[in-house]
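Here the chain labels run A, B, C, D, E and F in written order, and each chain numbers its own residues starting at 1.
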Amino acid sequence: MSNLIQEFNNYRSKMNEVILGKNNLVMKRLWNLDTNTYEAGALDVATKEMLGLVASMVLRCDDCIKYHLGKCHEVGITTEQVYEVFAVANIVGGTIVIPHTRRAAEYWEELIAQ
Amino acid sequence: MSNLIQEFNNYRSKMNEVILGKNNLVMKRLWNLDTNTYEAGALDVATKEMLGLVASMVLRCDDCIKYHLGKCHEVGITTEQVYEVFAVANIVGGTIVIPHTRRAAEYWEELIAQ
Amino acid sequence: MSNLIQEFNNYRSKMNEVILGKNNLVMKRLWNLDTNTYEAGALDVATKEMLGLVASMVLRCDDCIKYHLGKCHEVGITTEQVYEVFAVANIVGGTIVIPHTRRAAEYWEELIAQ
Amino acid sequence: MSNLIQEFNNYRSKMNEVILGKNNLVMKRLWNLDTNTYEAGALDVATKEMLGLVASMVLRCDDCIKYHLGKCHEVGITTEQVYEVFAVANIVGGTIVIPHTRRAAEYWEELIAQ
Amino acid sequence: MSNLIQEFNNYRSKMNEVILGKNNLVMKRLWNLDTNTYEAGALDVATKEMLGLVASMVLRCDDCIKYHLGKCHEVGITTEQVYEVFAVANIVGGTIVIPHTRRAAEYWEELIAQ
Amino acid sequence: MSNLIQEFNNYRSKMNEVILGKNNLVMKRLWNLDTNTYEAGALDVATKEMLGLVASMVLRCDDCIKYHLGKCHEVGITTEQVYEVFAVANIVGGTIVIPHTRRAAEYWEELIAQ
């Protein structure tokens, strides 16, 4: 696994454990709810993950982008499709989304190189 | 056509005419590009309109939400699907998205009542 | 009850009913969780409502501000205290918070005039 | 004076009086500082007002936009120049700035019609 | 002192010196005003620091979060209380606040380990 | 050339190449349009770059800030002028802009030391 992917996953797991270890009920329930949100329903998982990706991009949250890129890769979204999501994010959110798109593109390259 | 929909469309058309009448080239090109963005490609139009909707919701732009709700309605997105987009937006963007969801829900009711 | 307060409450109730009537599970659970968040715990309700207020102000959500102002009034926060919350919001979030502070001040005047 | 301009100015004056009447020192000082910020220095007033305008646009604060448009008009910024500020705001901030640009364009028309 | 805390404090001091050395009056006054904002008044310092923390979290400013966590620790806020502030921030601001909560949790662990 | 400047430029070039290599038409056109936006028109290039800088600061995009600082330096904006842009950004956007101002100040020192 590439460095970027492994570092992201390791830090995420380590800190999630710290946070959940404090037993704050609201935090725990929000995280469960977050999982429910992306499960198949009237929309399939691939569509929902692309929704999560574009929302993360326009809000410019690099870690959220990485998380949803990982999921998009898992469910078989193609590079051409991912770049159309990038395009929507850049048009809606403007050129301030470009630096986040650079980091997203870098992470995507590592995902497809695995 | 309902009041909300007609008011939104009328004001939008009137002001677009004012803005485009000033011949600012960057504004014109951005608007053309905006149209291109939602055309069918590796992703279909319905998916792209839902991407535009969720991005507009987390960025909390009521007029953008109305615009994409109108398009989602045109391309046949169902109420159940629209509410799954609302759910992603509210989870990613938090409870500050709720007031925008109320106005979105009101507009959607008018769209489906037409 | 003043017009501003009544209009806010009526619209909120009407649209919450529409939204919850669609039976989207994620939306329902998020709203329950939202209620849990402001219950007394290691922090008392007054502190939590002020946290909700300042967060709503820096994120510039007028309806969220109104909601938390109503709660702050209910739990006995004084005008002087509310203005110290306004001050934190304006310093952290900058002068773009001022127009929202004007609407917050107007709503607060109606709450204390009841 | 047009309706939009007069309504904006009246509400602004009325609520500023309410807020300043509460004698919150931080709020008072922030407002003085806000005035200092746009005074001539190494940059002239016109440039500073355009900086205030573009910042207000990308942060999507309609009242802040109106305030700076009023000032831009006072110091002699032309329509062509204002639309170049609009263009920068729309490119940096994306298509979510468009609805705010519509309202800005409407207000500008009233300012130049006086 | 831990690495994270020392690095944050050192960089902050070094760059504050550079910025203040340029003698920009608005910057200097804003920083003084920032200090005034968190002084005891109608609300005590602990409450104000928690307000500063939650505002920094929903606006997703990691350095601002670190600063207010340091202050919260100084004035005796407990871990349980800090996590209730985290919970409000995550509910109001949504799951995009989670990555910032991870970094906040890491910094808090270092503060309480001193 | 300093480390900060070289690292920024290298990463930017490398990732722009990756992104443009995917031939997404919307991304390509947005980037061309971005270039057009800052060309001399009714406003000169220096003014437009300062507009781009202040917009990037209030939206808190460090890479965008670096890019526009580089351009401001190229077109001869002075340190005193840049700090007046910083001041507008900090007043409009609030103290959450301060950490970005620290990084901007650091980058500016490297630009003027070249």
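Just so we're on the same page, a residue touches a chain if its C-beta (ideal position, glycine included) is under 8 Å from a C-beta of that chain, and two chains touch if they have at least 3 such contacts.
Bear in mind the structure is a predicted one, so any value in this text is a computation, not a measurement.
Chemist: Would you indicate which option in A-B, C-F or B-C repeats the interface seen between B-D, with over half of the contact pairs matching by residue number?
Modeler: Comparing residue numbers across A-B, C-F or B-C, the repeat of B-D turns out to be B-C.
Chemist: Calculate how many whole Å lie between the centre of subunit A and the centre of subunit D, each centre taken as the average of the chain's C-alpha atoms.
Modeler: 36
Chemist: Averaging over Cα atoms per chain, report the distance between subunit D and subunit E in Å.
Modeler: Using C-alpha averages as centres, the distance is 30 Å.
Chemist: Could you please state the distance in Å, as a whole number, between where the Cα atoms of subunit A are centred and where those of subunit E are centred?
Modeler: Taking the average C-alpha coordinate of subunit A and of subunit E, the gap between them is 26 Å.
Chemist: Mind pulling the subunit F residues that touch 2 or more other chains?
Modeler: As it turns out, subunit F has residues touching two or more other chains at 26, 30, 33-34, 37, 56, 58-59, 64, 80, 83-84, 87, 90-93, 95-96.
Chemist: Linking chains that touch, what shape results: line, ring, star, complete or other?
Modeler: Drawn as a graph, the chains make a fully connected set, so complete.
Chemist: Can you check the complex and tell me which residues of subunit F touch subunit A?
Modeler: 11-12, 15-16, 18-19, 22, 24, 26-27, 30-31, 34, 56, 59, 61-64
Chemist: So in the complex, which bits of subunit C are touching subunit A?
Modeler: Interface residues on subunit C, with respect to subunit A: 25-26, 29-30, 33, 36-37.
Chemist: For the complex, which residues does subunit C have touching subunit F?
Modeler: Residues 58, 90-97 of subunit C touch subunit F in their complex.
Chemist: If you look only at subunit B, which of its residues touch subunit A in the complex?
Modeler: Interface residues on subunit B, with respect to subunit A: 33-34, 37-38, 41-43, 47-48, 50-52, 54-59, 64, 78, 80-81, 83-85, 87-89, 91-93.
Chemist: Where on subunit B is subunit C touching in the complex?
Modeler: 60, 79-80, 83-84, 86-87, 90-91, 95-96, 98-99, 101-103, 105-106, 109
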